[in-house]
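Note that the chains are named A, B, C, D and E in the order they appear, and that numbering of residues resets to 1 at the start of each chain.
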């Protein structure tokens, strides 16, 4: 093993982790505030990718414009789901919520196939971020460096939003004492819709950003990521953004180093980690004690 | 008339909790809803606040029909509510708990951080403490303070005296008088008739979801038959 | 002097900066009806939670009939004969009243491990349950789903569920709150009777001073996690410290 | 509001009950078709075709469909099979064996299929074999590549109802070794799928290359689980080992992702000899476009520019005209499977399973991929697919095969009885 | 009259099942076999889910435990289906003891996530222990040899005769689960669902009884897995995948969560519905998801709940 390998495995792990973080952040936010474990979050990721792709095609191939517009379309989908479906199951038990969001997974997987076709679609390159840079004699894509920067920025932004702003304070209040927040004047249903749509947006942006990284769009691309995002959200502590960020880093680096240095590495290790964390600290790294 | 409730019926899931409940509160009055646990006192307050909408009947607040309005509408219209379990926001500091109520209500007036801390000095000491770390007594004061911060026209208090040592109940009575003197109307649900006698003018007795008796508190206090039959004393 | 049923040695518990139990040393005697009083937050609930096994103490020891139970889980304590009721209604809402009592009764009779035996055939236990239902006055509601009972009846059932485990020592947390006078008298009669027959030793947590002073043989006053008063009802009523922090002028001396 | 909610819910309930009842009614009253199969050719020839139509590989189902549909249209336009119309019904196989088995049983027992085709997953093909024996219908496998299907199920276990029209793992493993032996690379490494297909091909490649060129060594293996979207760590493993050659049986979307990420990491600059046994698949070539590096060895189960004869070129034209696509390899195998059935049924003069098996065994047929012969022993179709080096072309918006090497199937496909050293290439 | 309705329905259902076995076409027999196997899986699962109130996301692991237990036993030890089933059930139960030991420490979402993690570990193990499990190809060629009982030999190679073995085991399962439900043990499980704190204060060890429910439901999952493997003559790692764990949940909610017949009715509806949808359209997922949405938004008591007039 040499230094260049170590650095590159590290970089690979960081970029993987930041991707999972982008998806897990929305999942965690929605769980933390609304208390809903949203299976369909992977679908938002997939829809984000496809919508950004279409927006890009319609608007002359500008990646950034696609990134801007695509996820907004997905937000409309998120709005409809929250407003007309999820809202009616908040009071119900966990299985009903899971089943409802699971139904949307099936629905969107199939809709994507109908709208965009069953085959995979190659991704466009990103102007300005398409090359690779030489780091210690080995090449690393600029785009991945960009993601490694974007991830922490998103984390910082979310932290500032929750901890430092007026809306953050309302969100913190409403996430713990829903009724009392309503009784002091918070429009809780509207707030929840807003948070859900925002979480949807985060997932969709994750998807839009993932396309140049994975290199193609496929129907069903959300299913692999949702399990990883679940794992990250769980080991970080369900509902804790700080924990999800750390969890994503751990999972990213674990899979990167595991793949490189433990030939038998598999998701087996990931799930052992998840089980161990649950047994040792069910509240995860940063979750509140249960 | 500050609040007029007429013939409301409220359900929780399939149970018919409130059956044709009517009561009214004049501006500046302190009125008590009396009765044992589970007779519908809390649900009455929740119905007024909009947390559990009545299926029918009328609720008029400052001469506006408000039955079925969302709680946030009630809050902005000048109604404040302190639940029996207080529901202090655990992730917010004492100060933030107060401030958020003031800002959300959008109402200015006599009550502000300083005046509330004057009334409950302990809240000043705990200003930066997270809600989750407060003791039971501190939470109760914060709950009252938070209701005041909205500068409401009327406050609904659920079980204000519950769990307080007899000594502290004395203090609470004084606080409620002070609040009333600042022009706020109060409706409280309580089981402690002794306490109610000190602060309330009138009272309604509930039993099995119905109002079974209404009179001045003084009259109720003297009516042993009513107390024996309906009140847990 | 009767047998010592529970012994608490330098028990401590803190939640953050709040000291909920501060070096508590107590000894409870069999058959002595004891009440614990004190303002909210004095540590009454914490003490019951620690003694019944819901939360572990930070330090200290608890002995039940001479056995160290400090680290025993809840169900093992119940098996030894130490049980409790709850302040809020804490029953099985979707089971019938009969089943609510049957479950702890079966557990007390060690019959719950039977996988394939029909519950109909547990005649001995069923007879006991019917007896208990009659005793607490709920025999008419045996087949009613518990959540459909009135609040007062649910409170009565709550006490019945606790009694069904046939405890030697039973903590009752505000047993009569929310009951109407008829129910209240029935439950208090039961408590008094069982206590006198020495089947069960009761420890009450109560706010209602009338009940406390009419029923108790011994009263313990807690404040900020400390025992500040302990003795017969009269002794406690006249304790200046107790009057200062808790009773005020409310209770005539 | 409360009232509205009630009526709406009632409305939905009523609606679902009606639809459900109607749907069930149709399901029950449809003929089960147990008696549909008759010894003589009568009525339409029915083929039940299953392929993956959901999830990340759903594109392959579409490719299958295009080829099969085109064949059906052409056969029916040309008078059908021995005068009978060809009917095809498609079903989603997913990747789960029980689904494939239910599909097969539906096709035969309920819909009345005379023949079956399709199947992408090796595991499904293996699980289907005994079912085909029980149902006694011919299944022509058009994509699943495991050699166990033909060697064990057909040859050893004697399940004669299975035929395979596509190339098996030999083409991906053994044939690659024949090409690799002439390359100036003495050390090889692999990034391959972490499942049987990947393991098998790499083993074949290693064994055959070692025999052909003693002294080569294999320095690194990195196995990527199904659904991998991030190959960067695998690529680092390979770069650290510094092999002269890279062999990878990644396929479909995962190959696209891997090639992209390998290109970004500069892998193709440091490793000169790269072989992708399924790199000539159209979805990969089109998906990568200019991102597919030049001078990489690719092959597949069919490549649309080989053989360069009129049969193939005309077919590609017709296919383009019909679908506005270049034919993927499963489009060709699906298409040819229909024509194989046509030829066999017409030769047998019957659609009875036993007779058609006899007709198929040893049958030679012309197909877009060239001449195919169904080997009698294991029912494997023998035909040649070239290996070639990628090169850009003015005519196509993707890379095609430039320099081509043909390793004849006869030389690299294992031979019966499939056991012992002598049965494995080089013979 | 209303009291006898369930008995009447059960009688009709049993008669229908026997009739299908006697005169049904091969596909109908196969499909009904699958319905019965899924019923066993779901009914066993419901001991944990409906009765005890624990949502497991890893029950496919026990299905696979039964499947691979039977498969390996039949392939390598003794080709005796009945013994194979016993071995499969034992494997599943053993696996459930080990996994359950860890999982029953938590409840609700933590329990669900823990079972998901262990289930996926089993999936991963099956996928990777190629030499034993055949990797992703799975175990194939598990033939339904005749059941040898002393001098008696019962052939089950024909789908029809195997159908009656499944039916017999389904009836046995229904009987056992019914008895468990109405036993003191079953009452404790219901108590755990309703109020686990109270159960502890009745002197019952929560962990032990949760584990008991877990192992029982795991054993039934193993029975389903063993029967499924014999039906398909093969098994694959997907039998342990989390998406397979979702099936009994789906089926139970469709049929009715806290009803006895719910899982069976749900299984029939699930399999028949999917088969029917597939005959109309290749977009079965779309239509199935729409039906699911309708059930969740409007039919929450499940089919049995609606039929028996209970609403949630």
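Rule of thumb we're sticking to: a residue touches a chain if its C-beta (ideal position, glycine included) is under 8 Å from a C-beta of that chain, and two chains touch if they have at least 3 such contacts.
Source: prediction; values computed, not measured.
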Neighbouring chains shared between subunit C and subunit E, ordered by label: none
When A-B and A-E are ranked by contacting C-beta pairs, first place goes to A-E
Look at all chain centres (mean of CA atoms) and spot the one farthest from the centre of subunit E. B
Distance from the CA centroid of subunit C to that of subunit D, rounded to the nearest Å? 72
Where the CA atoms of subunit D average out and where those of subunit E average out, how many Å apart are those spots? 34
Between subunit E and subunit B, distance of the C-alpha-averaged centres to the nearest whole Å: 52
So which bits of subunit A are touching at least two other chains? 109-110, 113, 266-267
Checked against the stated definition, the touching pairs are A-B, A-D, A-E, B-C, C-E, D-E
Per the touch rule above, subunit B residues touching subunit C in the complex are 36-39, 133, 135-137, 162-168, 170, 194, 208, 228-229, 232-233
For a test of understanding, state which residues of subunit C touch subunit B in their complex under the given definition. 16-18, 38-41, 150-152, 154-155, 176-181, 184, 207-208, 210, 244-251
Going by the contact rule at the top, pick out the subunit C residues touching subunit E in the complex. 52, 54, 73-76, 78-79, 83-84, 90-95, 99, 102-104, 106-108, 111-120, 122, 161-162, 164-165
Residues of subunit D touching subunit A in the complex: 53-59, 61-63, 194, 221-223, 225, 227, 229-230, 232-234, 236-237, 239-240, 252-253, 256-257, 259-261, 264-266, 283, 286-289, 291
Where on subunit E is subunit C touching in the complex? 176, 179-180, 182-188, 190-191, 194-195, 197-206, 209, 216
